[in-house]
Amino acid sequence: MEPITQGELVAVRRELHRHAEPGWCEIFAATKVVNTLTQLGWQVQFGEEVISRDARMGLPAQATLDFYYQQALAAGADPKIADRLRGGFTGVVGILKGMTKGPTVAFRFDLDANQGVEAAAPDHFPAREGFGSIHTGVHHNCGHDGHTSMGLGLARAITMMRETLTGEVRLIFQPAEEGLRGAKAMVAAGVLKDVEYFVGCHLGVQALAVGEIVAGYNNILGSVKLDIEFTGQGAHAAISPHVGRNALLAACVSAQNLMAIPRHGEGDTRINVGSIKGGDSRNTVPSAASMIVELRSDNEVALQYLKEAADRIVTGAAGMHGVTSRVEQVGESRAASSDPELSKVVALAANDVPSVTKIRDAVDFKGSDDAAEMMRTVQSDGGKAVYFGVGTELNAVHHNPYFDFDERALSVGVEVLKRILPPLGAAKS
Amino acid sequence: MEPITQGELVAVRRELHRHAEPGWCEIFAATKVVNTLTQLGWQVQFGEEVISRDARMGLPAQATLDFYYQQALAAGADPKIADRLRGGFTGVVGILKGMTKGPTVAFRFDLDANQGVEAAAPDHFPAREGFGSIHTGVHHNCGHDGHTSMGLGLARAITMMRETLTGEVRLIFQPAEEGLRGAKAMVAAGVLKDVEYFVGCHLGVQALAVGEIVAGYNNILGSVKLDIEFTGQGAHAAISPHVGRNALLAACVSAQNLMAIPRHGEGDTRINVGSIKGGDSRNTVPSAASMIVELRSDNEVALQYLKEAADRIVTGAAGMHGVTSRVEQVGESRAASSDPELSKVVALAANDVPSVTKIRDAVDFKGSDDAAEMMRTVQSDGGKAVYFGVGTELNAVHHNPYFDFDERALSVGVEVLKRILPPLGAAKS
Amino acid sequence: MEPITQGELVAVRRELHRHAEPGWCEIFAATKVVNTLTQLGWQVQFGEEVISRDARMGLPAQATLDFYYQQALAAGADPKIADRLRGGFTGVVGILKGMTKGPTVAFRFDLDANQGVEAAAPDHFPAREGFGSIHTGVHHNCGHDGHTSMGLGLARAITMMRETLTGEVRLIFQPAEEGLRGAKAMVAAGVLKDVEYFVGCHLGVQALAVGEIVAGYNNILGSVKLDIEFTGQGAHAAISPHVGRNALLAACVSAQNLMAIPRHGEGDTRINVGSIKGGDSRNTVPSAASMIVELRSDNEVALQYLKEAADRIVTGAAGMHGVTSRVEQVGESRAASSDPELSKVVALAANDVPSVTKIRDAVDFKGSDDAAEMMRTVQSDGGKAVYFGVGTELNAVHHNPYFDFDERALSVGVEVLKRILPPLGAAKS
Amino acid sequence: MEPITQGELVAVRRELHRHAEPGWCEIFAATKVVNTLTQLGWQVQFGEEVISRDARMGLPAQATLDFYYQQALAAGADPKIADRLRGGFTGVVGILKGMTKGPTVAFRFDLDANQGVEAAAPDHFPAREGFGSIHTGVHHNCGHDGHTSMGLGLARAITMMRETLTGEVRLIFQPAEEGLRGAKAMVAAGVLKDVEYFVGCHLGVQALAVGEIVAGYNNILGSVKLDIEFTGQGAHAAISPHVGRNALLAACVSAQNLMAIPRHGEGDTRINVGSIKGGDSRNTVPSAASMIVELRSDNEVALQYLKEAADRIVTGAAGMHGVTSRVEQVGESRAASSDPELSKVVALAANDVPSVTKIRDAVDFKGSDDAAEMMRTVQSDGGKAVYFGVGTELNAVHHNPYFDFDERALSVGVEVLKRILPPLGAAKS
């Protein structure tokens, strides 16, 4: 067996980029992962084995799930595998056990693309090279195509280290990271059971040059995503305004008061009402309104405080205007920081990689990531976790239509990742 | 017996003006009424006989009640009478029955002075003439001193008509009109039982010259007066803002949403948040806030709608901010209009009075008056009611520190009032 | 020449119903009106002659204007006429002068269909009979198809009365009544110049049986329609919320405070925020929001008060949140009431029509109608105006997908309309 | 000369406690300081020499200033001194120069008592011992009486070290710390000119046992104190609500939107609307409202952001409701942290004091203190600053009616303070 080449990493990445799939719909990507791991001789679990049905959040409509299933088949996905993944069970876990006993180390990668229309102009590299997303309105603008590609590269590398393994390695490929919807469902299915060390990485977050490594992210913000609906009663706004029950006004009052949730003395908080849509007709009291909201904090207690306050506010605002409200939690991830011990290991590993030119200490992540939910789970169980950064120039910021990274970062990532095992005692060096 | 003279009317009015007493505290005034009616040979009921204890609204603090009791005694009130009036039972009803059967006619007058500091400057007639209120912060700025004076003048006039009476006359002297607090308590005590015709009058409302009579007021607005309190929890605004429960913010949200109660398609509505007071310290989350509110409508259904909406809003706003709320109704009167038949009778009576120079048709009252609660009661029981206007120039508008009326209006009022009985069949002309 | 038959009225109505066109796009309908009036020998003005370019409000997008132009051509509209109507000039005026001098009488009808998806179920008469709107999302749910049909019927009837005419008759066919967008533009073009009597009518408003006539509508509410936009600045809601300028929050604050504009003491008011749409993404501070609003009153001063308050509120709310705002007035009509003299004429005319079974006195309209703008114009110039009701059962209320009226009402309407001329002195009886 | 005894420190403290004076009124206290320093041979500056007239914030009413002046004279203050302090110039600076050149070290103490009614119950030590505040509504509930006492103890100690001084010592006694009103005025008068080292201390902040020293406070929050007034127009709430301009509603809208100022990505922020008072009468549109507000942040840029947002919000809310607004800044202090070098010096000094039993590293202050304004000034000029904690059990938290500290802490404080000079090179050890 040969180490994966830069060309192979690029080929995988571009194939995934082209077949971009939104969260819970990653059938093409997951099928590819299943096939690759199987061919490498790993024990492979996928579908409902690794995704707890009731712990999934923010599933798309059935039509969307079906559409991507059909698309995956049309693109050549093996129906035997695809049938087990379809309907929102698009996670995969590969397991490789060492010759002797040792620690269990989990590496985690995310599979999903994001909402948004990808740039089609020739100054966008994927467009120019012909691997732009074939699914209008969905594209890889956060680098998860690269993450999955690195994961498969790492699988090959570890397979080649097989004789030296002194513990167990798990490669976790998670669906639906965007919106913080997928990690909990894999955790609930037990994929982190007995994991002592958890390792994840992200491309291009505060590491903006190929060859730069951030040894760990701290203060990844915990977050809760809420979809809120208000249902009232329409009425002719001139003849019988008193008969109406104004759902839109309840939403407006909620929005103002959500933004006014008092600061928390123990943690940093963030609140955003991302959108409101309500009412149709100028002369009718609005009978319905919807609102999308996110809450964040670097402190679990403060995040819980935000959730309780948001519930109170929505219920109170609805009551004020005689309408009903419904709050659906469509995503959630806890706050987490990297364990300094593991950040040191990452730095150590990176130090041995010739293509690494700069190693930065741990920095604040400033945003949220579903990996944090897994980190907290491992940490709560007594293990250690790290989420580190793989540097790359970016063509545009994450979630921008022109987002793109430098593919040379993929090899660097694989090289660092594989060197993490020996210092953890999971492989002989 | 001689008819009451203008001089006597003025003397009574000035004595009452000087001894101004707020609602539920009119012991000096009510004692005077009891004495006068008794001397005239009327059957007199007062105190708890004519005031239903539990139907009273907006009572002042015990200390206030006690203070005015002591003041009345000091001013010479008979303790035997005062003891039955004290503690918020300051209503009086005089009854005089005719020789033969006939309709029961009630005339109603109000006794109370109002909050506010009376002008002390020499351009204010009561100050110049030395009969300004001796009770700082309370004075007759709505003319009720004149109303009571006219009521006692009418008592003398009817006594003189005694031989011609063919029904029953009741003279109702009501406490606590300001704030719409007293009428319900007299109604609940049964003072309007079997009343066929109800007559009330007001000085200087849309009748701004002595000699002018408004034959009836229509669309007297129904109103509800609410005192609202929010109780939350204080906290250091920098160290632990999340621990606070912001009562003031709940009040602010309530105020905005109260003002935004939708218009009613069937009736005119009015909402006012008259004041908010909340919080003490700049660096503490406010733990308490209070709010005074009034709701009004010319339509009973719409007034009920406002009350329900206000309850919902206050409860919802409190819930939003995790505080408790208490809504106390401290005043209420329904909407009413004069019956056209009785307005015609008033016009007829006025037409016979030489000092009447102009008679206007019924007009909208535009404000609220506790008399309306009595009107509605009589009307609901199948009787007729009228509230008419006795004209007078005003020195300043009602409730102004400089409010004053022309005392010549008092004689005009008595003359019109007494002429109302014959056309109603309650006296032979 | 024969009087128009019920069958002809129905045929015209159904043809217009089928080719439903929204405001400013009524090319098919207006072409038909032009052709009919021309054939009857009337002097016909249309297009920019009768529509003042700059006074038009709420024009649709150019693409919409073009679409209906093409549709009208495809449906057989004469391009010579259509070319003069296209681009938002879809008004028509027919003029017929009497043999002798006399008053100028204007009859006004509206041409446009409304937004909304028409019911396609067989229990909807137009669907069952195959004349449902061919333009999805636009249909005649307010009866203007019937109005236009009556107008053409009236044209025939007056043509037949030609020898008796002693003044001038104008038939005004107005576009864009929905949203109160068209009347001002025809007024500004001078179509009401020298009109002494203005007559309009509506199907099924508080007259819910064929054969019933409401002799006049009063208190047609004046109204202003506003489209409001807020433009702020997006920002990552977790990393840099302070950089954002929240357009959605400005809209929410506006909505709440618009609803809280104090009642007006001199007139009834109505306010509705019909819809808000703002923000796209859960984790981005919303950079844009739009809002549609209407203000109404039965009192011009109060309507002006609402407009000024709305401007202040929007500007203030935008300023609070550091965003810009734009308020565009997309419709306006003043309040009006029918002149009692003309209501008597309508009643007189109706009284002579055998199919009229009930004539009601003037009633409140309770809503708004662009006809009122024309009424006020005529009244301000010293003329008289009436807007009366032609009764019909309705299958569902106006603006409902199932709205439909009883076509027998059309003949009744024409019969009443034509009998209005003689009592006005515009025709010999 | 003898070192100050614990008994003397206690006596001074109790005398100051008894004669509690609010900010800008500390004539009794400042006179005592002037006298003591003069007797010790220090150069003493006070009154307008050390207080810049125009930089003073939040002065009380003239009557209050006069009252405390009279009280101080009555309590024996020397009129020659008091006359220079009166009218809000109650700062004092003592200067003592060493024999040789060396650094200038400033020690700062605050003089003022706070608003609040002191507990009078016997379980309150000052009450029991008879030294409770003689000025109802003002008392030392923050320990500044102890601070001043320590300052005078330190003056004695340094005087005794006079021969060893190798630089200049300034003892700054600041008025009006509460509300962050006084520091800027002393800075503006130049009292920190050429200061290389600035030292301040506070009793009982996160050091809750006698013998405990906190070596430095970090992240003292910058703060701005605002008094805000809205002026509108009253109107009868039923007859002419449209004529009113609702100042209270503007305050409510402001309060809600102030609380909703978005979080800042670069610094922690705090906002509090401490109180609102507006409106008088239930049936009048409120014409006036006032609001007290504070803004805080650990980041100067974020504090500036809060100020700008608050200005926008108040102006916008006033504009929305057609009222005028006035924002007065009545207090301000910047954020500051102790320099680690000086914290080390404090720890070194404390380490030599036998009565010190525990030395804690620097901790977050969590609140605001006017000392920070002086710290920032010195730091901006290239100097170093420290604000450290002198431990004491507290009977109740700061600003509580039962606040009291253990007087033994005073000696500990003086012992630590005097030992700070040698390691700074300002005295030979």
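Going in written order, the chains are labelled A, B, C and D, and every chain counts its residues from 1.
Definition applied: a residue touches a chain if its C-beta (ideal position, glycine included) is under 8 Å from a C-beta of that chain, and two chains touch if they have at least 3 such contacts.
As the structure is a prediction and not an experimental result, all values here were calculated from the model.
Asks: By the touch criterion stated at the start, how many steps lie between subunit B and subunit D on the shortest route?
Replies: Counted as steps through touching chains, the separation is 1.
Asks: If I average the CA coordinates per chain, which chain comes out farthest from subunit A?
Replies: B
Asks: Measure off the straight-line distance from the CA centroid of subunit C to the CA centroid of subunit D, and report it in whole Å.
Replies: Whole-Å distance between the two chain centres: 68.
Asks: How far is the middle of subunit B from the middle of subunit C, if each middle is the mean of its Cα atoms, in Å?
Replies: It comes to 49 Å between the two C-alpha centres.
Asks: How many angstrom lie between the CA centroids of subunit A and subunit C, rounded to a whole number?
Replies: Chain centres of subunit A and subunit C, defined by C-alpha means, are spaced 53 Å apart.
Asks: What are the residues of subunit A that contact at least two other chains?
Replies: Within subunit A, residues 238-239, 241, 246, 249, 253, 256-257, 259-260, 262-263, 265, 270, 285, 366 contact more than one other chain.
Asks: Please name which positions on subunit A make contact with subunit C in the complex.
Replies: Checking each residue of subunit A against subunit C gives 179, 221, 223, 225, 236-239, 241, 246, 248-249, 251-253, 255-256, 259, 270, 272-286, 289, 292-294, 296, 366-368.
Asks: Which residues of subunit B touch subunit C in the complex?
Replies: Those residues of subunit B that touch subunit C are 256-257, 259-260, 262-263, 265, 268-271, 366.
Asks: So in the complex, the part of subunit B that touches subunit A is made up of which residues?
Replies: Residues of subunit B touching subunit A: 238-244, 246, 249, 253, 257, 260, 262-266, 285, 302, 305, 309, 312-313, 315-322.
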